[in-house]
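Two complexes come next, and they have one chain in common, subunit A, joined by subunit B in the first and subunit C in the second.
Our next item is the complex of A and B:
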């Protein structure tokens, strides 16, 4: 089960994930990010405070945007991940490709 | 101890698969992080089989067995679809996955990095993938 919520803070679009991302629902995450890009977002923050689990299907969604975001100068950050979820990003070295912050305030301040 | 379950080849079954693995793993000497990672590795192999070997056909099934032997946790995943031998796949480079947008490659990297040993055999139409994690005291 995955719930998504989009909010805005100043110029940042915040996408909050609640639940689990796997191959059955990663398309919802993909569509939400695509929507933000189409609406001209310049800064996307994934709030992962309530993200309990993510498999490669979800990680692949983030990966698939990295090049496009670099070209279009769109900032992608992730915040609030629990230690066990952050470890999954580390196994793949994704923490080197996407900035990960302990919480939202710190992520938006940088 | 031995735990087993059959799961239907559809991605909506993955949530039940995780619940089964998590509750079975509580009975073994693994840390919380190891439990989550082994769950993830098993899910990655099963998701691959469901999508690529069985084309998400809910009538097909994957059989899962969790057991231990001496210092090892063994998760045996068997199916009768097209053989998918993880060991024959070259481990893709993460940069390459990013540039080529090969979403499938990430799961293979995760399984290889999380598990201590991987075995695969195909016999009489049944493919068996064995994922092994050593208990660390």
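Our next item is the complex of A and C:
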């Protein structure tokens, strides 16, 4: 089960994830990010406060945008992840490529 | 009419009947001889009566037996059998009559012996006709019998039996007791004559034929009866055989049932087409529901459907529109040419569009239209809905206005629903067959993939090794291998493609190819990862990545050099310290950064190893396996299990880990990801031996 919510704060598009991201629903996440890119978003913040689990397919979604974001100069940040989910990002090494912040305010401040 | 019986009972009864009849004839002839010569023959009437009863019984059994054998005959043949016997008996009687008429007043014409002989022939043939026809009637009466009818028939048979012996009681007088018995038997006959359930099953043509046959039976019965009456007035017959309650009752019974059948058949004639129609509909319905065999195509189902709808509605023309790719393709044109169809389709286009929009697909009722067309005045459009989708529509047209009544629409709706179900079943069945084929293909893929994993792991005596891998689906994305570079240098590698299933399996095969070729270059672990990343970046699809772990073991220097590319950290148990750690150094997964920047994201680390040290490599399928409560197996369970059993062999440790994992997930729990495990235990002192 994954619920997505899109909000806007200043110039940042905030995508809140609630539930689990796995192979069955990673497409939804992919479509949501693609939507934001097409609407000309410059800064995307993934709010992962309620994200319980992310599988490798879910990580694959973030990974697939790294190059495109770098080219188009779009910033991607993640905030509020539980320690367990942060660990998943850390093991894969994605924390080195996507800035991960403890909470949203801190993420937006930087 | 007399058929040669095949079985002994038939032959026996036939022979007996013949003998009894001859005896009867003989007795009467003797009696006449005595009378002419004024001698008392001394033969009492009772003997004749007994012989007569015997004759009845023999004929009864002969025909019961004969009918038993021809049970499967249809109604018409049975009625014909009765009629033919009747004609035969009447014919003979008529010939005898004519014979006497031609003889006139001659001496021969007055000969009592000859007269008696012919009398007996008439008696025998009439008896045969009566008994055989009565038995035919019995079969017809007991068609679709109820318990009550069977009881009535049994009562009738019993009464007839009593009537046979009645002659002993009333000595052949037409007294009140005779009339009383006759009335009772006639009443039962009339009650039985109400059982005419066989008639509706005749079709129109058969009804006409049966009317003719019944008429013949009635005429024969009436004619033979008048003959009997004539005999009873004649004085020359010493012992009257024909004024018998049994025979007279049979006359009544046969005539009554024949008359009832005749009249009911006659009145059934006009409605027989309706009954036939209903029967055809039932058969069509059956054909539709059976037409789901995989080798038959949908065309055949639709063909039956069209036939059924046409015959149910008496339509003058019809066709079927099949929706395909947003377009209507007309097929199954019936009694219409393309020009007519096109003009009709044009007229109906707008009403059909409105009708389709009016409600949801599943609630669509047939559309009954009045047409403004030079030839056709009314039309009926019936939707074909399969799986919540309109796959087409049947269009029926008639030359009369308001040609489709409620009953027709009802039955056509049922037909189209049944056909839709048949089409749906047909599609599901084919899909199931296709799926089965895919399953077969997957099994082949499974075998191929299993062969990609090593069956034998390269290792020297100085360390023991074992490995295990299991895919969540038929095929998976996990990979492990070992490689001996030289006598003292060994490489262990484990990889995991993101995701699972077929796509992961293809990438796994690519990974194996790349790893196998890079291993031979004798690269340092970090260089290996950099090269692997570069190669994989070119072939992995956009959102896939691979995590890998590599160990370069030098058995001479007792060192291991390790690099990690996003893979779950390996557990390294140090026997000396009785402690273990996860080797968590930085390292980005392969295929995430598909450029030279990757070089900055991978590290390598060299460690010493000693006697009894253990390495446990695994994939995230084990760490992330969940139990019923949604908890993950996690890293710590692996660590504590290894620390609990450091003295066990790699194989034992592997089994403990996998068993514990399965217990944790629960009996029927599924591990939703591929998982693999490789356990290495070092014994560096073996080398010195």
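Just so it is clear, the second predicted complex is superposed on the first by the 110 of 110 C-alpha atoms of A that agree within 3 Å, B and C clash if a C-alpha of one lies under 4 Å from a C-alpha of the other, contacts with A are read in each partner's own complex, and residues count from 1 in each chain.
Everything below uses one rule, namely that a residue touches a chain if its C-beta (ideal position, glycine included) is under 8 Å from a C-beta of that chain, and two chains touch if they have at least 3 such contacts.
Given the structure is predicted, the values throughout are model-derived calculations rather than measurements.
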Problem set entry | First, second, both or neither for A:63, with subunit B first and subunit C second | both
For this session: Would you check which partner chain A:83 touches, where first means subunit B only, second means subunit C only, and both and neither mean what they say?
Result: first
For this session: For A:1, decide between first (touching subunit B), second (touching subunit C), both and neither.
Result: first
Exercise. Looking at the overlay, what does A:91 touch: subunit B (first), subunit C (second), both, or neither?
Worked result: both
For this session: In the overlay, answer first, second, both or neither for which of subunit B and subunit C A:23 touches.
Result: both
Exercise. After superposition on the shared chain, which partner residues are touched by A:55: those of subunit B (first), subunit C (second), both, or neither?
Worked result: both
For this session: Would you mind listing the overlap between the subunit B footprint and the subunit C footprint on subunit A?
Result: 22-23, 53, 55-57, 59-61, 63-64, 66-67, 84, 91-94, 97
For this session: Using the touch rule from the top, collect the residues of subunit C that touch subunit A in their complex.
Result: 496, 498-501, 542-545, 547, 565-569, 584, 586-589, 591-595, 601, 620, 624, 632, 672-673
For this session: Provide the residue numbers of subunit A that touch subunit B in the complex, in ascending order.
Result: 1, 20, 22-24, 53, 55-57, 59-61, 63-64, 66-67, 83-84, 87-88, 91-94, 97
Exercise. Inside the complex, what are the residues of subunit B that reach subunit A?
Worked result: 11-12, 14-15, 18, 32-33, 36-37, 40, 43-44, 47, 50-51, 94, 97-99, 101, 103-104, 106-107, 109-110, 113-114
Problem set entry | Residues of subunit A touching subunit C in the complex | 22-23, 26, 30, 53, 55-57, 59-61, 63-64, 66-67, 84, 91-94, 96-97
